[in-house]
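Chain lettering (A, B and C) follows the sequence in which the chains are written, and residue indices restart at 1 in each chain.
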Amino acid sequence: MRPKIHRAPIAVASALLLGVFATACSTEDPTDGDTGSDNTSETSESPDASESPEEGGEQEWFDQAVYDEQYEQRSATFEGDPETPYLQYIDGEMTDTADYKSNKPGKACFANASIGNPWRQTGWITMNQQLKDLQDKGVISEMETRDAGDDDNTQIADIDYFISEGNCDAFIISPNSTAAMTDAVERACETGKPVVVFDRGVQTDCATTFIHPIGGFAWGIDTAEFLVDNLEEGDKVVALRILPGVDVLEQRWAAAEKIFDENGIEAVDFFTGADPTEIKTFITDELNKGEIQGVWMDAGDGAVAAIEAFQDFGADLPVMTGEDEMSFLRKWEETGLTGLAPVYSNFQWRTPLLALEKIWAGEEVPKEWVLPQTPITEDERADYIEANDGMPDGHYAKFGGEDLVGYPEVWQERQIP
Amino acid sequence: MSATTTTAAPGRSLPATEGSLVQRALRGAVTPGGAVFILVAILFLAVVAANPSFGEPPQLIRFIGRTAPIAIAAMGQYYVIVSGEFDLSMGAVIATQVVIAGNYIGQDEGRVLPALVLMVAIGAVVGLVNGLGTTLLKVPSFIVTLGTMLALGGLVRFLTGGAATGNPVDSFREIGRGGIQDVPVLEVLPYPVIILVVIMIGGVLLMRSPFGRTIVATGDNPDAAGLAGAHVWWVKTRAFMLSSLSATVAGILLVGYAGVHPSVGSGYEFTAITAVVLGGVVLGGGRGWLLSAAAGAFALELLFSFLNFQEVESTWRPTVQGVIIILAVAAAGRAWSFGRRPSRTSPPAAPAPPSTPARPGTETGEN
Amino acid sequence: MSATAAKVPETEESVRRRRAARPKDAKRRLGSTALIYLVLAGVVVASVVLTAVEGRNFFSQGNIWAVLTAMSVLGLIAIGQTLVILVGSLDLSVPYVVSLATVIAAGGMKGLDGNIPAALVNTLAVCAVIGLVMGLLVSVLHVHGFIASLGIGLIVSGYLGTNYQGSHGSAAPDLRLLGRSGIAGWIPTAFLIMLAGAVLVTLMLRYTRLGHHLYAIGGNREVARMSGVRTVMPVVAAHVLCSVLAGVAALLLLSRTGVGSPTIGSQGRYDLLSIAAVVLGGTLLAGGKGSVIGTIGGVAIFAVLDNVMGVMQVNPFLKDFVRGLVIVLAVAVYARRSVVRRPPRFGATRTVLPGSSTQQESA
């Protein structure tokens, strides 16, 4: 009953396999300009130094040098008008953009990591209103967007698609993850068109400008110092973290953990996935074990659930840091707890398009565009709540779009473009 | 049960109902469906040992209250699994209900009742779609409910811009968050506990009714059930509707407990299936008890609390969960086939067949 | 209609019935696959039109490259998933196996070409072991594939979450080159690798004993066992092959990203999408019937769909809605036909006349 193994199909398959190896080794890279030569800058002796350890194991997120730098930047002077914080920057190396000067409106191609959380959704709405403004002024003709749905592989494909099919006059990239997107961003740079990277960065500085608020360490410093100031040595803080491995979030915790350690605060951290059910469960279990004096969050999503957990348990409300999400600000006001709202400057979503305006006008832009990142304190809270009355709970107070067309309805209705 | 299959003479009892309550309980305890209760007891003792204050009535009743949503979802999933299918759309149904609560009710108290009616209606419709897709379109339930999960979830997020506006009015959230105050010993009797008990009683009565028996029969052998006069398509559709309605109730409780948030309920279907499987219910249908599914949910939550109290890193939780469910199912598979005679020609863990007449097992003369 | 013991000459009716029974089987079998490629053709036509409306050409170099690239990773995983589903099991652990494979491979290579062989062997070996464990759970301990793979997936995910907090390691330059290379800028090498995998697996299914046993066990495990087929090895082999193919897919991902990532598998939702592609391609979820060619068709449908939705800048939330709808409707198109009409092999609905030629056909 043994079936005969047909030779011909096996031969075909082997030929295909050989063909695969042949093409892999010898054909040109379609996105390279040169044919045949390996013109990538990779040598065989340069493993990724800063991100990945040589031996297997945990990646260390704490970087003393960057920590110190961000510590200083928190009190740095920013160039520009505080009324337009999305245009402010810390003085430093500038990129000369005279080559990009153009008189006609250009097409922007935006590779977005995703709109998968309220912070990104708010920013995306703001960005689109900013786009309308610049289209009216004749700076930008259109912006084509490809959404990667939080997937590295998809975003790499998106950038490659833009390069080959997009007819882009400029690239805007909000990378999904730092290391994985590096090669793709470099390919975009190689097209010779301006490349604007914002939010999470990449491991190359080929971009025309890299826009971001001060950074994760600054967040961690602001929040941890606030908690330390309001608590005593030996007090317990529960740290609610969303996900492991996201650099902007890991840096926040790395800094906070260090400060908690140095000041004798007992901190225990949990990964919650921003799920309010998980948050409540963790906190309730921890309250069962003993008192909790403080709550630290690496992002404000789910802050309300944390506060409610204390209320349901009947425990005293903790000292707490959340974020400038309206749900937290409102609950903070309602309960009167001691709190701080750090921000990740949602208005940074305006800056890439404004940067394009400058670039196409030939004005120089900062090589690394550091935006201000100032937490909302209890004194300022009331103003922000009033200004954003009528906005949904998932809206972010520092969205920076008050002067844009469509304010406030577009953000209130929260229709995703 | 290895009894001779003589026709029961009047007044003669069936072997399954013979013996005193204690004897029957002991017999039941040996089956996987019964063993899960023992597991719950062991885990409970372990948690209390790790953290004595957990055993105090106020904390305990609050724990039961916060486990109520997943227990109700597990019971809903039970109906579907025991009838031989899967329901992967629970998370999307919960997300839909959460959004309705947040956006439709808002701060308007007058809308609470209409919203509840709307939620129940939507739950029923989703269940209907799942059921008809599986039985009339003959698409495997795995695929139909996967499609519902993607389509419903995507539609809801599209219509709301990714998140609901905000929390609904407090009176609505009281259902999931509040309780009867000033109860002796317990301090507060959370409403979710009451709702859970009501649903459990209702479910047990349902499973003892002809419909309940028919669900199990349909899962065991759809063709025989069909030949015996059951409308298989309607039985399965109702099972799906029960599942979606259970997800709706869980969603209402979760809105109260956790508030409105896009990630509320995500992954619920897999947790529910895990709980059902822990409860000894066989994937592929035909075996298992309703309350064991709820007990499985409690076992899972106790396990997670135990890990929390033991300070196990939260990143290891999935690993523990994975090990437990494999062990539970492997043991259950052995136990179910052990306790029956004659042994089935296909193993109890046979892959879930699609709900079609051409089921492989029945074609080979095993009738 | 019961069979009579007396010898009867073949009546017209029985001749008609006999002829009706046999060709239906063959036609339906071809029908599923042909049908899915018809659906694919329809989707392509719609995409060409919609792409043209956006002012672009569907058949341009960049677009075809994008579609074929999108098919490579999911395609390899779906081929493995086909094997597992054919044998009556499931593999929900693929996202985590893929993530694990990327971190092991990248960690092993450390950016040096010289490390490639060792890293490759390590990675695929780990994948094979994971597949082995799952296969044994399913075949020896009789744990349902859904649970076995869900459990293993959770175990791996916990390991990844605890030990890897971000990108890890670095791909060797040669691997990165492979990720960007192709034929004349039209056909990516990754796609060719996926095709080669598809061809090899199809050959294995059609012409080897293992392949036939996979179908037999998937069709009815007990009958297969009683026919002398060892039911443990083929199931284990199917799971091992599935996990190894997931490992190869991970290497393709690594060639594109350049670093290992503990979350890249979950980002792509490869578990549910691969199962959807397999079922879309005409494979029965219960096992015993299906083909890799059909699966590739299903993967192609998803890739073209994603491509056109991207060009049209469809709202990301709506994309899931469309995907869900397409999955259910496309499967519904032939689910009824392929299952209901499949003639029973030993059923009582056909007259079996002792000594007549109808008996020989059913073997």
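Quick note on the criterion: contacts are C-beta pairs under 8 Å (C-beta built on N, C-alpha and C of every residue); 3 or more make two chains touch, one makes a residue touch a chain.
Note that the structure is a prediction, hence the values are computed from the model and not measured.
Greatest Cα centroid separation from chain B: this falls to A. More contacting C-beta pairs link the chains of A-C than the other of the two pairs A-B and A-C.
With each centre defined as the average position of its C-alpha atoms, the distance from chain B to chain C rounds to 30 Å.
Centroid to centroid, with C-alpha atoms defining each point, chain A and chain B lie 38 Å apart. Centre-to-centre separation of chain A and chain C, using mean CA positions: 35 Å.
Residue positions of chain C with contacts to 2 or more other chains are 161, 315, 317, 319. Counting partners per residue, chain B has 158, 162, 315 as the residues that reach two or more other chains.
Contact of a single residue of chain A with at least two other chains is seen at positions 115, 244, 271, 416. Of all the residues in chain C, the ones that touch chain A in their complex are 56, 60-63, 65-66, 69-70, 73, 106-107, 110-114, 161, 163-170, 172-173, 176-178, 180-185, 189, 192-193, 195-196, 199-200, 203, 207-209, 212, 253, 256-259, 261-264, 267-268, 310, 313, 315-317, 319.
By the touch criterion given at the top, residues 51, 53-54, 59, 62, 66, 69, 158, 160-167, 177, 254, 257-264, 266, 304-305, 308-309, 311, 314-315 of chain B touch chain A in their complex. Within the complex formed with chain B, the chain C residues making contact are 88-90, 137, 141-148, 150-155, 157-159, 161-162, 219-223, 272, 275-276, 279, 284-288, 315, 317-325, 327-328, 331-332, 335-336, 339-340, 342, 344-347. Contacts from chain A toward chain B in the complex involve residues 115-118, 121, 125, 244, 268, 270-271, 273-277, 279-282, 284-286, 288-289, 301-302, 304-305, 308, 312, 327, 392-394, 414-416. The part of chain B that touches chain C in the complex is made up of residues 86, 133, 137-140, 142-144, 146-155, 157-158, 162, 270, 273-274, 277, 282-284, 313, 315-323, 325-326, 329-330, 333-334, 337, 345-354, 356-361, 363-366.
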